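Quick notes on the structure that follows.
Chain IDs A, B, C, D and E follow the sequence of writing; residue 1 opens each chain.
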Amino acid sequence: MDNIAIKLLFTLLGLFIVLNWGLIQAGIMNKIVARVGKRIGMPVYQPYFNLIKLYSKRTSITHGVMFYLGPLFRLSGGVGMFLFMPLIFGSEYWSNFSFAGDVVLILYFQFFGMLGMALGAGEGGHPYSAIGVSRGLSQWTTIELPLTLAIISIAIQYHSLSFTDIVAAQQGGITHWTMWTNPLATAAGMLAFLGTMGHSPFDLVKAPNEIPIGPPTEYHSTFLGVLRTNAAILHVVESVLFMNLFFGGATSWFELILKTFLIYFWSVFVGVVFPRFRIEQSVSWFLKVPLILGILAIIFI
Amino acid sequence: MVAPIYIITIPLGIAFLIGVLGKSNKNIGGMFMLIALACMSFVSAQWFISFMTSTQSPVYIYTAGFKPPFSINLLMGLNEAFFTLIINIATLLGAIYLYNNLKKQGTNAMSVFLGFAMALNVMVMTRDIFNLYVFLEIASVATAGLIILEQGLKSTSAGFKYMIATGIISSILLIGIIFAYNYSGTLNIDGLIEANIGILKGGAIAIFLILIAIVLELKPFPANGWALDVYQGADSGIGAMISAASASASLYVLYKLFAIAGESWYPVIAVLGIITFIASNLFGLKQTNSKRLLGYSSIGQIGLLITVLGLSPYLGDKFEFIAVTLLISHYLAKAILFWISGIVKAENIKNWSNLRKKPLLVALFGTAVFLLLGFPPFPSFFGKWELVMQLANSGQFAWMTAILVGSFFEGIYLFRWFGYTLKLDNKELPEYKMKLNKIIPPAIFGVAAYILGYYSGTFVDAAKGLDYIPLLFIAFIALINFLPAWVKNSISLTGVILYIAVIFPEFDGDLLRQIFAAIFLGGAVLALFAGFYSKGKRSGFHVVTLAMFAGLAMLLKADNLLEIFYAWELMTIGSYFLLIRGKKSMPHGYSYMMFSLGGSYALIFGFALAFVSFGNLDLQSLSGITIYPTLAYSLMLLGFMTKTASFGLHIWLPGAHGEAVVDIHFMASAILLKAGVFGIILVLLGMGTEASYAKYILYTLGWIGAISALIGNIAASFQESAKRLLAWSSIGQLGYIVFGLALMSHLGWMAGIFYTATHFLYKGVLFLTIGGIALKLGTPYMYRMGGLIKKMPFSFIAVLIAIITLSGIPPLVGFAGKWLFYNAIISQGLYFQGIVVLFSGIVAFLYLFRLIYSVFLGQLKDEHRNVKELPLCLLIPIYILIIAIMIISARPDFILKPIGNYLLAYFPSGALNWNGTMASTGLGYWDGYWVMIIVGVMFTLLFGWLLILNSKSKKVKQFNMVYAGEKPFRPETTHMSYNMFSGYNKALGFFMMPGVTGFWNWMSDILHDTANYFRRIYSGNGQSYAIHIIAYIIIIYLIVF
Amino acid sequence: MAIEEQNKKNKFIDPDLEKREILSPDGEIIKIDPMKDYFCDAKPKVHEPANKVIEKFLNWSRANSLWVLAFGTGCGSIEIPSLMTSRFDANRFGVQMRPTPRQSSVFIISGYLAVKTLKRVIRSYEQMQEPRYVVALGSCTVNGGMYYDSYNTINRLDYYIPVDVYVAGCMPRPEAMLAGFNKLKERIKAGRAEGANEYAEKFDWYKANQKKIIKDWNMPDYNW
Amino acid sequence: MEQILQDIGKQFKITDIVKKRDNLNFITCEKEQTISLITYLRDIKGFSHFVLLSVVDWIEDGVFQLVYFLNNPDKKIDIGIRTMISRENATMTSAHHLWEQIATYQRELKEMYGIDFPGSPRVDESFILEGWDDIPPMRREFDTKKYSEENFFPREGRETNDPEEYMKKKLYPDEEK
Amino acid sequence: MEYISLITGFIMLMIGLWGILSQKNIIKIIIGFTIFDTAINIIIISIGYISGRTAPILDKAVPVKDAVTKIVDPIPQALVLTSIVISLGVTALMLAYALKLHKYKNTLEINKFKDLKW
């Protein structure tokens, strides 16, 4: 840890790249969704405008300390996951602070952001935000089930829970990827990925016109800006997580961007096609096919 | 030494003197009676002491100077001295108790009473069988006379039934005697023994008749209808005399005459006894009349003593000790109970809640109940322990189970009765005055129970290690019960701190005990410190709390099985009294006691098997169990799991903890449940993993842990009351620990022990804060709270930290437990149990958010507008725990390394290897210290950035929110907390079918229905009782010959 | 009691907003004045832009990301969804519908405003964060339109809330609305769309007009 | 339809029967008899469907004309019962016990015309107008234009043109009269 | 033949027992008890009987020194004395009970006094 300063610099640079890539990725996805609806859709750089406008708002209100800190927790959740996630395999600089923890750390760090968001929404005092949070949490419990099963089956397969070893085991062509060697786990994992991303079949939590927009009902101006920045980072880091686990990690930035785009596109693609689930449907959906896939993944390693 | 003959002559003389005095001057007559009884007890006490201390040899007293065949001789041996002593004391105190009744009846009643006392003494001392018959007859006539004392239809009809029954019994005895004389030629018992007439056909019948008459005198099961009516009909003082004094006399007579019968009789007597014991206790379940229930219980206890008599060949040299302790306990308890029923005069057991008007009576009633059931400080505890050990030693497992099942039934109705007394309201019940002479006898016997308990402890060699200092300290606290709460609190606090200083160095070698000592005693200090919040007297609270903590401390110090069992039972008593304090806690306290009772009986059975297979009682015996090992280990685990409320045995916890007050809730959940964990650790250490059966046990244990974790967490999310939510979550967390221990691997155990420690920390915080808030707001229901973050910021921060730890979110220490579990599950290979545990870990999120949202966030209700922060005496312990959590989170290796080294001794392979603060296993790695720093730095940086961005945002009030252009109506209608996870309930609600409670209810219904069906045979008709007696004789005759 | 008389004075007081007394768990009586306890009624302040150059850039980004509040009044609200269809597609100009006034910056008043709806419009308008703009559709907002002589529809919207762009027409077609958006963009970029500050300056005048016609004004003066 | 009218004629004092269509007739009856007539029609004559209750303001003769429309779904015929009540402190016995929805109509009439229906549920609560303190607005003596000018800041520069001259001036400007 | 008294004793015993168990009236039960007791006394006496001997009264006919060969076994007769006294006492108490029971329900049917049951 002697060159901690350099590593810090590279991590900040990585964060900058990931943030920008997140925003552009969101712009592209909106464009694609619009094209599916035969609309021209928002320009690709629209997320930048939204962010700047949000940050440039002159007034904002706060319901209390926890409300104020909610978005901060959320952002630190996203940035924290980024910090502990090794981005580029092999390069000592681009693996951020992943020496501090393995897959389990990342798995449980997701809750950090969610808890902060839940508490902030709670402090807002709006009943709809509380309903949104309760739906989000109940949905999250069953999303984690197939994900945990997949991770455990990978851990059994590669006898390790640390990212670097998993990615190392998948190097050397497509046939070495987990997608190839352990398809069941990948299937369960990718179905769980749909839930984590919160796109259409499972977007009941932030559904725009269902209960205003769920938890962030009371958030606005700079708070919403912070939440949107985190959303950008989080989407990229989640897809990097799934990339490292199932699709052989990335040896270069270009490979990372391509793979994350395709992984993220998978959830958007499903989102565009399928309508929204009700809460009990989405909770019990994960206990059907994904669960069985996960169990089979463990049995047939 | 006064000649024993005076024991007979004094009462006879005084009786006639009183008769002479005539009806008028009753007071003098009363005084004379008391003097006579006092002299009798002095004489027998003198002889008893001389036998106990000096080597006094038994003395034969020859009446009229002739040798036996021609005259009646009496013997004053050690046994006779002991029995006459207890009879005389009982009659003396009984006379004091009945002084007014006897005075009201006049001098003839007094002389009848003296006659009754004299007859019992002679029955014990005489060696002549016909003399025995004569005085037996006098005793029964005197009893019949005394029954009439209570003028009333009930007592008269009961007396008449008694007369019929004893008439038949004595005539059969007479026939037996005369035929025995016919064959042996002598009436002297010693002569009969030499004559050994059993071998002759006719002689055997004679002996049969004699013995069956004496057994019938002791009210065996089918033929004891008359006895029940007597107990119900007679005055309670008389009932006390019958059940205490005459029962012991007839028991000794049976023991004396046994020598004649010879070996073949033992099993018969044992069978008769055990049937009576189990049947009468079973019938007691449905009984609601207090005195009749006492009748059932005394008949049951006598049945137990008969069984002990019958099993004497198996009990070896311990027989006297067991018989004496059980007899003494029965004698003291029955006397106390009957005397109390005389004072409170409540027919229905539900009206016994009237007892609470006089706290001393409640204490005595409690002593009697625990004395009867064989709980620690009392002699019957050691008696029952030795009984079970000796029976196991001689391989009589069937007898053991029968005795334990019988005493379990007795426990059921006694604790239900005790629960009614403690909890049902007694506003409209009639007032009653406690006269001095009515209260002295039970008080004396109560104190005698404790003293004899200590004294009988000295006999048992395994009990040498028990230190009685804490018990003395508790007695002292009991005495100062009238002081205000904070005085008692500070005294007991200093006492506990001193005690910690004394015993903590004893554990310095053994880390496991150090951790548990820190949890138990550290928790005790925090709980007592939190106790300062309560105003008023809180009578009885400190006694039972210290009893529980004394039990817990003793559990750690115990080095043999007896001490463990002693500590376990002491802790159960303390925790029972704590849990029963809640307003609506009677049913839950009752079910808690039933589970712990069943659990302790399973434990004692397991310990017996361990004792038998290893030879002695120390802890190593847990490892090498050879006889029925699967049964032994599973029973012991079941026993300990009643305390950790694992799946199947968990239904008592939500109710019991839901009703408890704040510090009791903390003690019960954060500390008490760990005792079970300590027990499981001991058993699992003993069992090891090699044996074939161990695999199955561990597998099922793992599944039980996993399922209880899942059920606990899911059920917790649907609770409306905050306390029940925490109670269910404790079930979940304990399920974690049990699962961790069941993995039997280095990592599994490290996870389990680590979880026990951290669970104490964060659950302690949760219980204290939520309990304090529920107390302050007057309601445990979450939908009535809300928006308290503005009023109670400190408790919010505390609960937030506790929630982050519990859910295992990285920077704080909870994550270490989750990480250990992950590695343990994968390395151990128990994937599916592991998945269930990890899934329930994530489900924990639901109820955590619900707790912190409904209590602190959301809308502040009008009535809580100027609620103040929690009292300081609660905040300080909370923040001590918070600091502890933060320290461990920063440097988790402070705890993990020592646990690792400790576990190396038991599980050498699969340990954590450390470099610096980075812990790594074969699979993954984790560096708590660096995670904490990175997250901390990142958080502060982002916080600074957010401050710059958003420095001037306007603070608004609670209704300034987007409500579709309108404004909300009232805070109550806009706080979303009732039925919060309804969607989740629809999806996964089926988990919550109350299967287990249904099972246990079904079991208890079966018991109660059988009891209700069979007790119909006591039809109340005197004649049918006579037929029962005759039929009983004939059936036994046919069986024996 | 004193409190009952106070409430009686104002005929239209909302029962939930009457002053009342509550018994707290530890037995002490608490006086609740809903208007002061539940609502923060601080006056709005004028927020002058800090410096010209940055403000120009920020205005440029504000213009390109117009978040419209989903609040339809009168017959124009049926025209707004058609904007989102592929034929007219307001998304091209960075216009997006937002459900809550907190997050939206453009408030489209899409038709005649009854006094009742005006009360809700005012509350939503005041809950929007600055800088905020109002686009008024149809002639009813200009001069009352065909309801000029009705007893409960207002005639001139700008007396009640500051309006940036009027789009005339007895319900303008979507193309007109898109033209309105572009006109709004020009105003924002030119920095002349300071309706919020104007509202803050002439706050009392606006409030007097509003209270003149909304008789049951049982909500705080300024709705955060 | 005639048969029904004869029967009614026998029992109730009804005047000027107007036959709009073969399945729609209007009858007028006394104020006191209206409720009993309606009950009769409903229970006996099978007019089970209540269509609407409305009022006509004859300010000149100082009278409100209440019209109850009933429909007989089997015979598919309609009937309108008209009653005259005075305009000053107009009151009418409530008919909410016959059909629940009548209470809503009565509430609206109370707010808009000031006709009081004692006993009708929630009759004096505000129905559409919030915070209205002037006289009931639908009454003809209430001048909405004057009220709007007083209260609602009309924008100046609005003049009304007679469409004929306006179009002529527009299309043929040069033709001077 | 010397067992004649023993047999009569047993027969009376059975009659007494039958009286106790079958009769409904309390007085009859008490009478049954008295028969039962006298039967036992007879048995006791007959146990001591040695055929061909006389009663154990030392008078002219039975001199002290050869009394041992002439008289029957005296001990049972001594026992019978106390047994009679006892059965007297018991019967007296029973009658007192019967009187009191009659006072309460002025009936002597044994199955009327069934209020203490189960």
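To be clear about the criterion, contacts are C-beta pairs under 8 Å (C-beta built on N, C-alpha and C of every residue); 3 or more make two chains touch, one makes a residue touch a chain.
As the structure is a prediction and not an experimental result, all values here were calculated from the model.
Engineer: Spelling it out: a chain qualifies if it touches chain A and also touches chain E; which chains qualify?
Structural biologist: Chains in contact with chain A as well as chain E: B.
Engineer: Which chain, with its centre taken as the mean C-alpha position, is closest to the global C-alpha centre?
Structural biologist: B
Engineer: Taking each chain's centre as the mean of its CA atoms, which one is most distant from chain C?
Structural biologist: That would be chain E.
Engineer: Using C-alpha centres only, name the chain that sits farthest from chain B.
Structural biologist: D
Engineer: Approximately how many whole Å separate the CA-defined centres of chain A and chain B?
Structural biologist: Taking the average C-alpha coordinate of chain A and of chain B, the gap between them is 54 Å.
Engineer: Which whole number of Å gives the spacing of the CA centres of chain C and chain E?
Structural biologist: Inter-chain centre distance comes to 114 Å.
Engineer: Express in whole angstrom the distance between the two chain centres, defined as the mean CA positions of chain A and chain C.
Structural biologist: Measuring from centre to centre gives 36 Å for this pair.
Engineer: Using mean CA coordinates as chain centres, what's the gap between chain B and chain D in Å?
Structural biologist: 83
Engineer: Could you list the positions in chain C whose residues touch two or more of the other chains?
Structural biologist: 100, 102, 119, 224
Engineer: Could you pull out the residues of chain B that touch at least 2 other chains?
Structural biologist: Chain B, residues with two or more chain partners: 954-956, 958-960, 962.
Engineer: Sort out which chains touch which and give me every pair.
Structural biologist: A-B, A-C, B-C, B-E, C-D
Engineer: Note which residues of chain B are touching chain A in the complex, please.
Structural biologist: On the chain B side, the touching residues are 787, 789-790, 793, 796, 800, 803-804, 807-811, 815, 818-819, 822-823, 825-826, 831-832, 834-835, 838-839, 842-843, 845-846, 849-850, 852-853, 856-859, 918, 922-927, 930-931, 934-935, 938-939, 942-943, 946, 949-950, 953-956, 958-963, 974-977, 980-981, 983-984, 986-988.
Engineer: Which residues of chain D touch chain C in their complex?
Structural biologist: Against chain C, chain D makes touches at 128-134, 137, 142, 144-145, 147-148, 151-155, 158.
Engineer: What does chain B use to touch chain E in their complex?
Structural biologist: 130, 134, 137-138, 141, 144-145, 148, 153-154, 156-160, 163-164, 167-168, 170-171, 174-175, 178-179, 181-182, 187, 228-229, 232-233, 286-287, 292, 1015-1016, 1018-1023, 1026-1027, 1030
Engineer: Which residues of chain C touch chain D in the complex?
Structural biologist: Those in contact with chain D are residues 11-12, 115-116, 119, 142-144, 148-156, 159, 209, 212-217.
Engineer: Hey, which residues of chain A end up touching chain C in the complex?
Structural biologist: Where chain A meets chain C, its residues are 34, 37-43, 46, 48-50, 52-53, 56-61, 208-209, 212-213, 217-221, 224.
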